[in-house]
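You will see subunit A twice below: alongside subunit B first, and alongside subunit C after that.
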Partner chain A sequence: MSSITISNLRKIYGRSAAVDGLSLEIPGATVFGLLGPNGAGKTTTFKCMLGLARPTSGEIRYDGKILTPSMFERIAYVPERSVLYDWMTVEEHVEMNRRAFASFSSARAFELLATFNVEKHKRARALSKGMRTAVMVALAFAQDAEILVLDEPTGGLDPINQRHVLSLMINEAAKGRSIIFSSHQIGQVERAAEQIAVIDRGRVVLQGLVDDLKGDRKIVEGIFPDTAYTLDGIASDARVARVDRTERIVRILVTAGADEIAARLSASGAMGVRILDLNLEDIFLYSVSPGTATADIVAKGSSS
Partner chain B sequence: MPAVLTVDPRSGVPIYLQIVEQIKRSVALGVLQNGEQLPTVKQLALDLTVNPNTVARAYRDLEREQVIETSPGRGSFVRDGGPAESPRVAAEIGADALDVALREAKSVGLGRSEVRGLFETALARWFGDNEAITE
Partner chain C sequence: MNYVEWLRIRNCLRITAIILLILVALAIILRISFARYMSPDAWISHMSLDPGTKVTHAVLPDGTKRMILDSPTDNTHVVIDDYGYAGKHIVVTEPAKKAHQENDNMSVGSIKVTESTHGGMTTTVFDTNGAVPMLYYMGLADVVALIVATILAAPFAREIDGHLELALTKPVSRVRYAIGNIGVDAVGILVASVLTVVAFYLCQLLFETPRLDFSGINARAVVMGVALPLAWYALLCAATTWLRRAYGAVLGFAWPVALVVGGLAALEPNNAVALFVHDVAWVISRLDPLTYVSFASPGTHGGFSYSGSNFGARLLIVWLMFLVYGALAVWQWQRVEA
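Up next is the complex of A and B:
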């Protein structure tokens, strides 16, 4: 239901490609998280999905169909930067959305605004960044859309209101709606998203179920008695994504088969072999190119 | 029921596994009793603020392991197959914990007899010294 297929999407601005051959299959009736460093192409992808930017090439299909204006009603969007009219009150924005979308519920919008403690008589220019985000979120969720595209929907919100947004997303997913969201707060994605994709330099570099990625991706660590050791072909195993050696210590990033790789490492003479879990932040940092990951910058800085 | 369940999404342990392990533990400890109803998938997802499909996956796993059973339209319940489920589930939890400890002991190079010695010492500490009691 309401699955989205993005095929080979490219969007070129001037001479640089913001999105560069991105393909993604987003299933319906769940929460899908999009992760990526700044400038990776997340917002551009969202804009292409909503018809706000025209793809240079490639296509996007909703349940197999190309986006047409008649489908706008079914898709709600929270942009990265809130688009509110400064001189209009919150209440007037609700009225504007009621006129724009047949399925929009003003009662629901006011209920949500009250949850976020937004005063409906305030003009948009008097709202803080977080409150502006809350208004955009309330308007989107009151639209009763089948698909919600949320670009940083917790920006500027306090932890309580962030949790409200996650609960709203979970509630909609339980009703069979499809939610696609991006956030730099990986902890939120880890919580609410069933599946994720990591975008780097306009391409998908990793995709999967959060729980499967955590279940499969492990660090296998072992310590050799001296520095004269060989890994007996472990490094060339297809499931080994990376091998880090620091004198006698070997750390191997595996994408599957951690138990087997650990056994092979023991067999080749390593002591204290253990398997370490990775959380989504670790998995994210390992998946993006070294130039963009902070961890590597820090690691390089400290080792030199 | 939700009060005894918490998940740590930042952990490297998949969330569905955390839910599976905690429900098993609750069954083993009798916090959840034979035939007791579990929250709906949606309710537990909202209580824990995690994805509903993740909770559904945990329930499917628990069903496969015969800890719970789901009847369409009625909900999910702790399995009620005669004798209390808790001893069986408790044994599984114990076996899993021992497995982790033995793997670690083996990985640092301990042999069978050394591990047995350590095991006897630990056993005496936690369960009392049998010989001392019989004296």
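Up next is the complex of A and C:
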């Protein structure tokens, strides 16, 4: 078990706060997804977690302890962009990590590289973006770390290798490792993560178990014949968390009573009314889109 | 832990070794080309000797081949003792020329020439294969070591330029990592010096049995020759770490700037503006370790020199520069963020 506690983390660059009072509790032995739009502060949060950037204020603790260099023996990191040395071969990168980490397994690294179809004799400069990501992932997973921090670990990978990475994450979590990762591919997060946190403008706007966040909530979607329609008080219903109108289409997020809301929508003149399960993409978009009643989502989500 | 730096050094030393091997290969070609000129017989056969010149060959009990040339017409007497690879001892006695009335001594590398005039006759003694001052070897080794030091002098800036996430997530403190990097670079620079000495020793060995003189000024040359490239490396290391991504410019302009500043500091100013420029350059040049070697102190012959009465103080300053500049680089390295 390797839990991570982030308390009131702030990181200010110049005049802007990349992370602004972020607090997060990441339990051990789980796959934890960090979601957020571009510039939300995910990478900065990771950098602060790993001591690569100095927090302006706040603190990060691993099992209650402040990060020390020796703890990197059990923490592996895949950065968002390629940080490989262009002039070094893949094999030399493996050797570099073998010398740096006592727990690193070269055999495991080469096995993973073979899975990703990366040629070990190639120099990093000759690798595609996806292959570079694959090398970073292989190096991280060969370290036998307790905590894996993965910033966009599938960036540039083809769908087959993306699936390999997700399987690796799930398998390692099953062995008791903590996996913290970010991705813009919400389908991947939904597949791999047990828990998520959504960050926007440097703050956590939503956090919880994926299943809990989805809860019983549904989306009722209807199409009206024209744009001149009224919802006859549906929006003010206590079970309605959010209403989105896009010309003739209306999408209503409901915490309960989806069938009844659908019937009322039909009665209002909507055609093709359908009830959809709430997915992680909806949760994400609702939590970060401007004017969102995020508090309502969280509040109603936790009460459902 | 400092594997990447080791690889950088390996690559740099590989190139250094290739260049030095090319030099040795050129020396071999030169040696083969000059083979016919290296025996006294060959010299004689190329000389237009007076018909009256008498040439005598003899082998001394110790194996030395002696050749005596006696030219009654020119009143010249030459004795050549050939010790093979151990060198030659040549004594030429001839009538004194008007221009050379005083005694003269001169050494070039392993060749020592002594000239003396007595009673209208000049005796010139050539001794080859004399002891070669280590100063020469260290001068050459330092040129190579300073180039290698310049190439290697951005270990932290190179990490800052896109590899911090790898460098800073190793299970070792930043200070230890930094000292390790500086340590392996220092070893690499010293190895470059040793490679150069070995290469030039081999070159000399092709022509004669080298004998190196480590006494007096030569011992000082060795000590300063080790310190100088390390201090230069530390200076550039600090500069590149502080200037981060401009490290290429720092390395590229380091030599021109050092030469210009050193030159301005050495010039004798002849007007107020020149005096001001000289004074500014002089102050700046004090920060450059090359200053403490390139410009001789009073009492020396000037130029590239390891001597001088205040050698101890200058050596201490150069070593201190290595430590202080190194510490500045490490301090800045501790502050960097990805």
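Heads up, the rule we're going with is that the second predicted complex is superposed on the first by the 228 of 304 C-alpha atoms of A that agree within 3 Å, B and C clash if a C-alpha of one lies under 4 Å from a C-alpha of the other, contacts with A are read in each partner's own complex, and residues count from 1 in each chain.
Just so we're on the same page, contacts are C-beta pairs under 8 Å (C-beta built on N, C-alpha and C of every residue); 3 or more make two chains touch, one makes a residue touch a chain.
A quick note: this is a predicted structure, and the numbers were derived from the prediction, not measured.
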item: First (subunit B), second (subunit C), both or neither touched by A:H184; value: neither
item: Touched partner set for A:V210, first subunit B, second subunit C, both or neither; value: first
item: Subunit B versus subunit C as contact partner of A:P79, first or second or both or neither; value: second
item: Contacts of A:M71 with subunit B and subunit C, given as first, second, both or neither; value: second
item: Touching partner for A:G272 - first (subunit B), second (subunit C), both, neither; value: first
item: Residue ranges of subunit C touching subunit A (in the complex, touch as defined); value: 1, 3-4, 7, 11, 162-166, 168-174, 337-338
item: Interface residues, subunit A side, partner subunit B - complex; value: 29-31, 163, 166-167, 170-171, 173-174, 187, 190-194, 210-212, 214-215, 266, 271-274, 276-282
item: Complex contact set, residues of subunit B against subunit A; value: 9-17, 41-42, 45-46, 49-54, 57, 104, 107-109
item: Touch list for subunit A against partner subunit C, complex; value: 47, 50-54, 69-73, 75-77, 79, 83-85, 87-88, 92, 95-96, 99-102
